[in-house]
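Shared between the two complexes below is subunit A, which has subunit B as its partner in the first and subunit C in the second.
Entry: the complex of A and B
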């Protein structure tokens, strides 16, 4: 550390020379045993974007080294907690011991808005089979069956889904068979997920399993075509802190019909009907791209990548939607909405920018936020010096162009890839092939995502699955103005004297999406990076030791 | 045993957490310790996020990060690699290895793996002082709650680390096993012991590790906690005080110290309210050989004074109390003193001791005992409470929906508290804790009365 910074700070002039990312990388890995260092070296990359937009390869979606304190969760967390958790009218039944259900009990701050007091909302509930020794020894299927019956008798839900935890796979409970039996018996939709925590390398495996499950058991069950000229689905938006509400507001003002959201503020009926939309928008690429791909193959719905984090990004995404529909009325409406929303955003942005300009941010979040939030920071003049994902794959970093080159390892092979074919009756191209080709020629890009790195400047450090140890080192070296991650990192970072913003659950804040969300975020970051509290750490007698010494000497 | 058998199969809105979480909390109260979960990494992540949301402090838990392959072939290699990494990068002086559902179900023999590991490390020339103490505890979450995990970990630490060489005499120290209380409670207990002039070894001591000061240089392992040297000396202490009525008759850490090292054991309830605190001070007076210090006598006096002054607000009110069994027992004992009628005492735990303990603390104050339910969830608590028309609730944050439904105040105590600030600083114990709880209860009742009044009275 000392060597790294030696000669870097000139105490006389207060000049700070450039910290070399190569040296930082070396510093991060040098304490590791050789084997670990070799592995981490592939996951810590100094960004460089060439003229074709190519970026260096980064290793990701590989197993975490035991004993390194990772921020990653498990497959169950990704499946139940992330993707299915925000749907309010499915009884989500955890099949396993009590902890897993308890810890995923509304902890992500997903919000929902039932249509009335009689509308089902199970989100504040936590259902578990609470397995005991007896079930581990003799099997848990009987208890599961009874629990499903009980949930049906008490709550009369439209659907019940079952989530497997570690012991379930080990003792060999056939949750899918139980689901089939109970579906037939009860006449409601019952489906199960084999999302045992030990599968895959992170929660990412759980996302995939959830995508497969919803697509197989729910999507396409209701062919009712809703009214509306511009119908779309918003995929990978989980309504944390009310983000989806703000996006819904904008859509409504633009005259866009939202058929379903996967899965913020959602219902199972919306999923069932989602194949009737004419366009899929992807927010969080990592957690939901599978559903988009499968819907395109089976039903002919094209998908595009959007981003509603950041006011400019929101405007850009709205224009992209309008361009897809090629409708002048929609384009005009979108422009009118942007013109109406922007002045309020710009007013706060300019004010906040004056106080935040040039400060450094670091983002280590999930599978898309580490990318999306760079937009918001850039809008107030802050630079993202280092970023990385917790559970992303190479395509989220380097763009989908690398998809054919991603090595499929044993862990990925464990997660089923569904074979999907065009639906014989319901496949319908949403636009004539000629129109699609023309749009593409004009630079409109379907089913594409450039990834995070293409939008980050050269020399920035991109770090996959950052450990607690590396986090500390990075903070020590760069002393960023703010560090963004989750609650697990929050207090460790703040004990280094750096404010830390949770971007998984937003602390108690939000929404941060779209226009009003951007204003909320500017204000929040301003509050945090310009706080005086850190200056009080040292008591006055430690700040002026000469004074104290003088008194003592007198 | 419990006289109640739930009519429900599944658990809806649980009133308990899982066993390894309790073990991690206990390990966190030991100096230089890193809790380590042998299982899939999600367990460590989930428990960290849960503990952190209550304490608002860093909480590292290492994991052996087992995958599908290890579920089939066993997790030994990962456990060993994980231990080595924790040793190297954290400089841990103790690694507390707790098992999970996964490793208990596949049957990994953790004690054997650790024995081999320690032997090999020694053979490779790792100096004794560089090798951390490694304690293991079996905590399958399909068997018991976080409280069983907590007590099992404390027992494992004592069993595996406490000593008393034959030639060593009894020390002046007293072991204090407080159970799972708040950091503020532990600090207060230490203050009491110091005031009484009794050298104390508190195990575990989360007073600083889970409620530390702001820093600008992060420490991988927070300062504070019971030191290994202290733990090693526990076998020589002259007495052990163990708090928690559910532990009476159990093979607890206190019992182990008694049978293995002949350390006299004083078993007490968790000292919540006047009478249970009196019992603690009685024992302390005995151990110290001097009168209770004036400071605490005065605090006791002020508490009774408050009981007198506030009685008109609390008398005849009905309460539902839920949470960990020992906390529920202590709170019930306290409420009985202040004229609040406990209507329902409920816990997700299932020690089989709740009824007897509540009978004991009732001590004939109420002719009829409240409804007592072990092993219940919030669905059943709500169902039961429906006909009881309670005026207030006492328990952790998970009872909020109940409070909202009945439109009555919830006095947040215990763990987890994630919808209010300062959960780590809630004082429950002793005269001072009773005073704080009493003030909070009276004010919550006044607040509710004032809010409900059609006239804006300023004097209540």
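Entry: the complex of A and C
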């Protein structure tokens, strides 16, 4: 470290000279045991984008190195916590000891707004079978069955879903059989997820398992075609801090009909009906691309990647939707909404930019936000010097063009790939093939995503599954103006004197999506990077010890 | 209504837990391990547990909480996690350089039956444990007991691994402070210091989980009981264990291993329980109680007598951990409040009997449930409303729905600060608790009073 700092830091003037990313990478891995260093070297990449948009290969979605202090969670968290958690009217029953249910109880800020006082909302509840040692020894199916019965008797939900935790797979409880039995007995939808925490290598496996389960057990159960024009689903938007509410507002003003959201502010009926939409929008590519792909194959719904983080990104996404529907009225409305919303955004952006220009940001967030939020930072003149995901796959980093080259390794091979075929009666191309081809010729891109790296500049450090050690080193070397990650990183970063913004929970703030969200975010970052509180780290007696001594002598 | 589906009518449940009043063992073990100086807790299981435990402790303390994990994959879950733990031990000592790795287990490694002692021995044989460094462990199966059990198990492991008797007794009293806040541990030590008693306190999370902002992050802060001190616990005159469930096993293990006699007391919450602690310490150490402590005691008693009219007869509902609830109930009863609904999620035989004894004179039926949950508690409150709720942050949903003032107390508190800095044990802690209770009750009186009865002076 010292050598690197001497090379790039003038200690007298505090001036930062050129920091070479190659040196930084070396610094990050040199303390590791040889095998660990070799593996981490493949997950730490110095970005370079060639003229065709090709980026270097990064290793990702591989097993976590034991003891390295990862920020990753598990499959259960990805399935129950992320994808199914935000749906308000399903009783989500955790089958396992108490911890998993307890820790995922109200800790993600998926807001929801029931339609009235009688509408179901179970999100404030934690349901668990609270397995005891006798269930570990003799099996937990009996208790699970009884728990479902009790949940039904007390809460009368439309649906109950069961989430398996680590020991469930080991002791061999057949949760799917129990679900079938109870579905038959109670006459409501009961379905189970084998999302044991040890499956896959991260939350990501849980997303996939959740996608499969929802697609198998819910999507397509209700063929009612709703009224309304421009029907679409918003996939991978979980309404943290009210993000989906803001997007819903914009859609409504544009005259767009939102059939379902997977799964912020959602209900099971919306999932059941989601196959009647004409377009799928993907926000979080990592967590929900499976459902989009399966809906396209089975029902003929095309999907496009959108981004509602950032005002410009929102405008671009709205125009993309309007272009897809090729409807002048929609195009006009979209333009009117953008024109109306932008001045307020631009005003704050300019004001904030004056104070934030040129400052450095780092983003290490789950599987999607580390990309999306770079645009917001760029809008106020801040540079993302390093970024990475906890659990994204290569396609999220390098773009979907690398999909054919991704090998599924031994740790993820047991995550089921559903075989999906066109529905014999309900498959319906949403646009004539000629129209789709014409759109594509005009540069419109379906089922595509360029990934994070294509939009990051050369020389930026892209780091997958960053460790605590690497986090500390990065901060020490670059001293960014702000570091974005999650609750586990927050206070270690702040103890180093660096403002830390949580981009999972938004630190209780938000919404940050779309136009009003951008304004909220600009103001929040301005507050953080220009706050007075960081100027008090050194007490006056450490800044000026001689003066105090002199005073004492007087 | 936030808990709109909670019915007033109570039905018997045998399998379904709704809104638990406990969580699982490993988080308690992680917390205890953070009370050892230069120690990195390590979770031997799949990594989700470790992420959840770190997150919950972080949200409670607003402080960094570091821990390693074995990051089980499906393969390890079938064939055993030995290779994962060996790698983890090597990586942790190489990269993070703690003096101790304190391993706890999860339902995963417990179900498959990994033998931590054997794996740690192999790590040592393989040269993965540097000289003078340690790997200790506690088995913490999540499907037994609760987070309190996990804390007790890891605290006991400190005795099992470190305590040694040289045969020479030192004039030192061991104190096992229980599953309390860092500031509570500090307060317990301060009382002992004030009395001139030399102590070894373990675990000790003060300055670890309520550390200062200095602009410099230290993975291992300047707090925690040292290994040297833990070794010496075997030579102390006696041990005082505070909280039977959290501290009892460690104190008894020390008695068994090094013949250090122990006295097991309730947590020193409130006047009476603090009296018992101070008196026990006085007798064991053969010291006088100094005036400074008498003044603190008198100040607490002063507020109890001055404000008695506001406490008298007020009905209270409590949710929490057994050691805390026993002492707190005793405190409330001692100022003539009426705890009438008491729920703990932590299983245990003696709890209900202790609460029944303490509340024997309460002129209302007292509902007590061991291994209960917040759904049942809420139903009790619906059937017989109370004037005050005391418990962790999750109670705020009941407090809002039923419009009852809430005092946050216990674990976890996710939406306020103060609990890690300002103690609730000892006489000063008692004073703080009374202040919080009065604030809640009097704010409510002010809010609800008709204008003609809105008072300036209370």
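Basically, the second predicted complex is superposed on the first by the 539 of 554 C-alpha atoms of A that agree within 3 Å, B and C clash if a C-alpha of one lies under 4 Å from a C-alpha of the other, contacts with A are read in each partner's own complex, and residues count from 1 in each chain.
Methods note: a contact is a pair of C-beta atoms (placed from the backbone, for glycine too) under 8 Å apart; a residue touches a chain by one contact, two chains touch by 3 or more.
These numbers were taken from a predicted model, which means no experiment stands behind them.
Per the definitions stated earlier, placing subunit B and subunit C onto a shared subunit A by superposition produces a clash between them. By the touch criterion defined above, A:229 lies against neither subunit B nor subunit C after alignment on the C-alpha atoms of chain A. Once the two complexes are laid over each other on the shared chain, residue contacts for A:438 go to neither subunit B nor subunit C.
With both structures placed on the common chain, the touch criterion links A:42 to neither subunit B nor subunit C. Once the two complexes are overlaid on the shared chain, A:153 sits against subunit C while remaining clear of subunit B. Once the two complexes are laid over each other on the shared chain, residue contacts for A:117 go to subunit C alone; subunit B is not touched. Common to the subunit B and subunit C interfaces on subunit A are residues 31-33, 36, 63-77, 93, 96-105, 107, 124-133, 135-136, 143, 146-147, 149-151, 165-167, 169-171, 197-201, 410-411, 414, 468-469, 472, 486-488, 490-497, 537. Across the complex, subunit A meets subunit C through its residues 31-33, 36, 63-77, 93, 96-107, 117, 120-122, 124-133, 135-136, 143-147, 149-151, 153-155, 165-167, 169-171, 196-201, 410-411, 414, 467-469, 472, 486-488, 490-497, 537-538.
The touching residues of subunit C, when paired with subunit A in their complex, are 1-5, 7, 11, 13-20, 22-24, 26-27, 42, 45-49, 51-56, 58-59, 62-77, 84-85, 87-92, 94-96, 106-108, 111-112, 141-144, 146, 211, 213-219, 345, 375, 394, 397. Against subunit A, in their complex, subunit B makes its touches with residues 8-14, 16-21, 36, 39-50, 52-53, 56-71, 78-79, 81-86, 88-89, 100-102, 105-106, 140-143, 145, 212, 214-220, 348, 401. Within the complex, the subunit A residues that touch subunit B are 31-33, 36, 63-77, 93, 96-105, 107, 124-133, 135-136, 143, 146-147, 149-151, 165-167, 169-171, 197-201, 203, 410-411, 414, 468-469, 472, 475, 486-488, 490-497, 534, 537.
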